[in-house]
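A, B and C label the chains in the order they appear, each numbered from 1.
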Amino acid sequence: MNRHATPPRLIARLAAGSIALAIAFAIAFVSLFASTFFTTPVVANTAENTTVRGTLGAVGSDTMAGLMLRWGEALAQRHPDVTLQFQAGGSANAASALIAGTARLGPMSRPMTTAEKQRFTHRYGYPPLELKVARDALVVVVHRHNPLRALTRRQLDAIFSTTRRCGAEQPILRWKDLATTQDWPFGRITLHGRNLASGTHALFERRALCGGEFRRDISVHPGSAAVVAAVGESPGAMGYAGYHHLSAAVRSLSLYNAAGKAVAPSRAAIQHGDYPLSRSLYLYVNAPPDAALPPAEQALLRLIFSPRGQQIAQAAGFVALPESRRQQQDRW
Amino acid sequence: MISPSRLRTAQPRRQFQDRLATAIIVVGAVAVLAAILAIGIFLLWHSLPVLAMPLPSITQKLTVLAWGTLKAALFTLLFAIPVALCAAVYTALYLPPRMRHRIKPALEMMEAVPGVVVGFIAGVILAPWVEQHLASALALLVWPPASALLAGLVWQALAPRRLPFNQAWLWLIPWLLAMGWLALWAAPLFEHYLLGVDLRYVLETRLGVDYATRNAMIVGIAMGFAVVPGIYALADDALSDVPASLMEGAQALGADRWQTLWRVALPAAGPGIFSAVLIGAGRAVGETMIVLMASSNAALISASPFEGMRTIAAAVAIELPEAAPMSTTYHLLIFAALVLFLFTFLVNTLAEVVRLRLRSRLLRLGGGV
Amino acid sequence: MNRKAAWHGLWPWLCAASVALSLLLLGLLLTLLLTRGLGHFWPAPLEAVTLTSGETFAGEVIREAELPDRSGQERLYFIGNRDNSAQDSHGTRFRWVSLDTILKREAPAQLVRLSRSPWGDFIGQLEAFEHSGQRLEDNAAWQALSQALAQPKNARPNARLTLRPLNGEAFIQPLAEVYRASRPNAMSWLSKVRYWADGVGRFLSQGPRAANTGGGVWPAIFGTVVMVIVMSVIVMPFGVLAAIYLNEIAQQHRFTRLVRIGVRNLAGVPSIVYGVFGLGAFVYGIGATVDEWFFSASLPSPTFGTGGLLWASLTLSLLTLPVVIVATEEGLARIPDAQREGAVALGATRLETLTRVVLPMAAPAMLTALILAVARAAGEVAPLMLVGVAKLAPQVPVDATFPYLHLERKFMHLGYHLFDTAFHGDSVQAAIPLVYATALLLVLIVLVLNLTAIFLRHYLRRKRATT
């Protein structure tokens, strides 16, 4: 075979080739441009009966994934041209996506930290719109046959943290270190928790560990459902998860509140905040104060604060907002 | 065909077309090369800021990950190497080529099963079961191989004509199934009579061995499943490249088959097998989904097969999408990915070089077959 | 010596056993997926259980497990009826019952199972079917219900059902929220088979429901297919060009050999590394720049500056590039030089040699390359998690609005869907049957693709050997 290429010929070939490639790239770019130019959501005007259309981009909490998806389904039933794209990855992700602008809706299972709010305000000149959309709680779960029923905050901290900031003197590593589980289960308390970016992780750290540090031998799961499933399969395990992930395979523990009373995570206790680890779920919206929200976003908020929206939250396993709080926010 | 006159008139156009085509090919190849280089350069560039970070925090974070990665790979290889090499020895040396060509694709199918499926089975189905039935699981690991030896003894005693040894791979399947079932049935009884309590209870209370549901043993088995076919295929190639004349010579000198294997075939194919193992190690180090789903992802440094680990690949998969771009974590994770990239690239290159060398050597030995 | 020889005769058995073991493991895996994946759609019988405490409930048996103290067995029931709760406990959809607390198990024929939204399945008795003032009861109600559900969704009457769980108060259920009903205990074999086929059909053709714990995987199949097609369109030309260059044009010196080894080794680089590159270089790098230049109007919401179909396809095409190059080159190298020399001797230019002689002969190899690349891409999840796969993307990337293919959209992928439902969903227990079905589908797709490639390759070698 002839495999000799003299230099000038090579240059000619390279030149011709690069022209061809440039043309190819140009075509690619034009098509890219066209593709999005024509698909940027065309938003119809907001009069009552016209169709609302558009795409809602949300990035955030795993805990709220099921809830957001259900709200999205209900919204799509009401307005077929509105679609909700949701990417779960943890609450920290919601904040960074809102700040970076990769999403306009940020569902979070914890309130934004001041630092996150500052970064947002710094970038956009206004703070994000903060909405409480449902009630939830963190529950501490053990295997369904575990005899343990209740824990004090100190014990919880002594089990999960290395720092014991809540005041316990000894770490609790083994089941025999607890009074009710002297005989069974045996061995080490195997701990299950969430990955670093999840709001569940951050909230548990702040509220249950008094801001201390987690032990390092906690199994890290990418989702709360996985935590519950793992605990449900293993008699010697303990973990924490969102209330709505509770399943028949596990038992949730009562926690002692400040008054020294053991409170089980019941709906009423969570709705009114008696259960120590109850919390609100938040939705942050990138909403400039001087302009009205896009109609698709308004439609979503209207749905969320309607009685039906709150019913959907219950169906998804969360707890509805107290009625007064719901009416207060139902203004979209 | 083309008539000469048309040929002549089309000459300049043909020349031009030819040049253009060549140029496009060259540019395409250069683009591919550039893309490949871009990966390396990107990783390098984005992990440069790591140099500016305080050393202790980096080493602390990376040691855990490196340890986890190596531990996962080690336990994988512990399971995969014996199975894969043994299978390769069997198919390359004991099976007629026709049968070998049928079995090989079947084994390669194992590699095609997506990691996410293997991880799901291992993490959600296998791990909880093993935790509840540790004794049975260990029995399953030990007894079936031993039972294969038993099958050999029985076979030697009975010497059945209907079941020739070169079809053993087929009729050993029901045998192994039966033996597995036997192990499952017998293990709890043994546990009950010998220990009186759960094996895990003995491990944890008397020996102080802690047990995590998703642990290195589970990861080893699951990832072993994914890695076996890769190692097997290369080892099988290496062994069947060993010239028949060498082995025939050894057998003519009175060596039995097993001796031929140990003294002749394995040393001759040694580098090839080594490279097969290297490739397997590379795969085990980089596999993401299986580790993510079947290990506990706990940032632990422990050597116990019953404890979990966190590997580089899993850490990158969980944490990178959530790390803000250009933040410290982001750069650190990219650096971890770079380490992974360099490690696998080097290991694979080494394996490839060894393999090519061996191939030419064997060709020479076999007189250029 | 004799004893030693006996041992030597035994060791090969271990080797045979390891082949058998590998095949056995593969077989077990496939059997598990097949039985669990397909079994999920079979209408399981419903039980009415009476406990020693006097309580009754209805449910489907899921599985049994040993009690942790090994004193007996317990059984998991799916009981549904999430809305039937004054009860506050949350695992109401499932219930573990210890076997020794069960007094009686029956299978009454009139137990119905309804699939509903948003409260999930109902298991219990259908008391009445009310429509325009008319109230039908018991069997007549069931007839009316099945007739109503047989009609398309918008033609169904605006009826109300009265449902009674075995352990609770009767309540009213609007028909609009019900989409499927069955009485598994009263079904004949034939209707069970029909129900099963209908279930499989729905799984393949519908979108996910109830936060991915129900419904089907159609968008995920579609997303996977579109992503794989876009990837093939990108990777095939470049891969084939590079292979032609390496095998036909480049001089075979040390550098070429080095490049070849490099390309081969890229196949062994972990997929997650490609994902990292895709995220950093494509999404944060190129994507952000493209947004600044062309889509600054819609900033801060990104268009290309976030993961999407284009970036995922590009990342996967980088990942599959070595596969394509290696497989194509293998095909090219198998073509005897005599063929090329013959063409050149007849006065053909390089282009003509390529297009008329070499490429037609290498076509099956290129096809193999394509199939292998597709199989690899279809099963790959880790890099996609970084560059654009979504938990739920109701908008598929192809639709009727110009320009029909939307490269910036996020998409769903079968493998990621599997991971997501198994780990991120509401409830692992509720999602597991679907995960099995999805896993089965994914494995089938990948295995069929791989088998095709193997068959092609085999056929190719045989053909080459005979000519």
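As a convention for this text, a contact is a pair of C-beta atoms (placed from the backbone, for glycine too) under 8 Å apart; a residue touches a chain by one contact, two chains touch by 3 or more.
Predicted, not measured: the structure shown is a model, and the values here were computed from it.
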| item | value |
| --- | --- |
| Per-chain Cα centre nearest the global Cα centre, belonging to chain | C |
| Winner on C-beta contact pairs when B-C is weighed against A-B | B-C |
| Centre-to-centre distance between chain C and chain B (centres being mean Cα positions), rounded to whole Å | 24 |
| Distance between chain centroids, defined by C-alpha means - chain A, chain B (Å) | 36 |
| Touching two or more other chains - residue numbers and ranges from chain B | 22, 24, 26-28, 31, 124, 132, 292, 321, 325 |
| Multi-chain contact residues (two or more partners), chain A | 100, 221-222, 229 |
| Per-residue overlap in chain C, given as positions that touch at least 2 other chains | 248-250, 350, 422-423, 428 |
| Residue numbers on chain A that touch chain B, as the complex places them | 9-10, 12-18, 20-21, 89-90, 92-93, 96, 100, 186-188, 190, 195-197, 216-222, 229-230, 233-234, 237 |
| Interface residues, chain A side, partner chain C - complex | 1-3, 31-40, 55, 57, 62, 65-67, 69-70, 72-74, 76, 83-88, 100-104, 124, 143-145, 184-185, 221-223, 225-226, 228-229, 232, 235, 243-250, 266-267, 286, 311-312, 315-317 |
| Residue ranges of chain B touching chain A (in the complex, touch as defined) | 19-20, 22-24, 26-28, 31, 124, 127-128, 131-132, 200-201, 204-205, 210-214, 292, 296-300, 307-308, 310, 318-319, 321-322, 324-325 |
| Chain C residues touching chain B - in the complex, by the definition given at the top | 5-6, 8-27, 29, 32-33, 65-66, 70, 237-239, 241-242, 244-246, 248-250, 259, 261-266, 268-277, 279-281, 284, 318, 321, 325, 347, 349-352, 354, 375, 378-382, 385-386, 415-416, 418-419, 422-423, 428, 432, 435, 439, 442-443, 446-447, 450-451, 454, 458 |
| Touch list for chain C against partner chain A, complex | 67-69, 76, 82-83, 88-96, 117-120, 209-212, 248-251, 290, 294-295, 297-306, 310, 337, 340-341, 344, 350, 390-395, 401-403, 405-410, 420, 422-429, 431 |
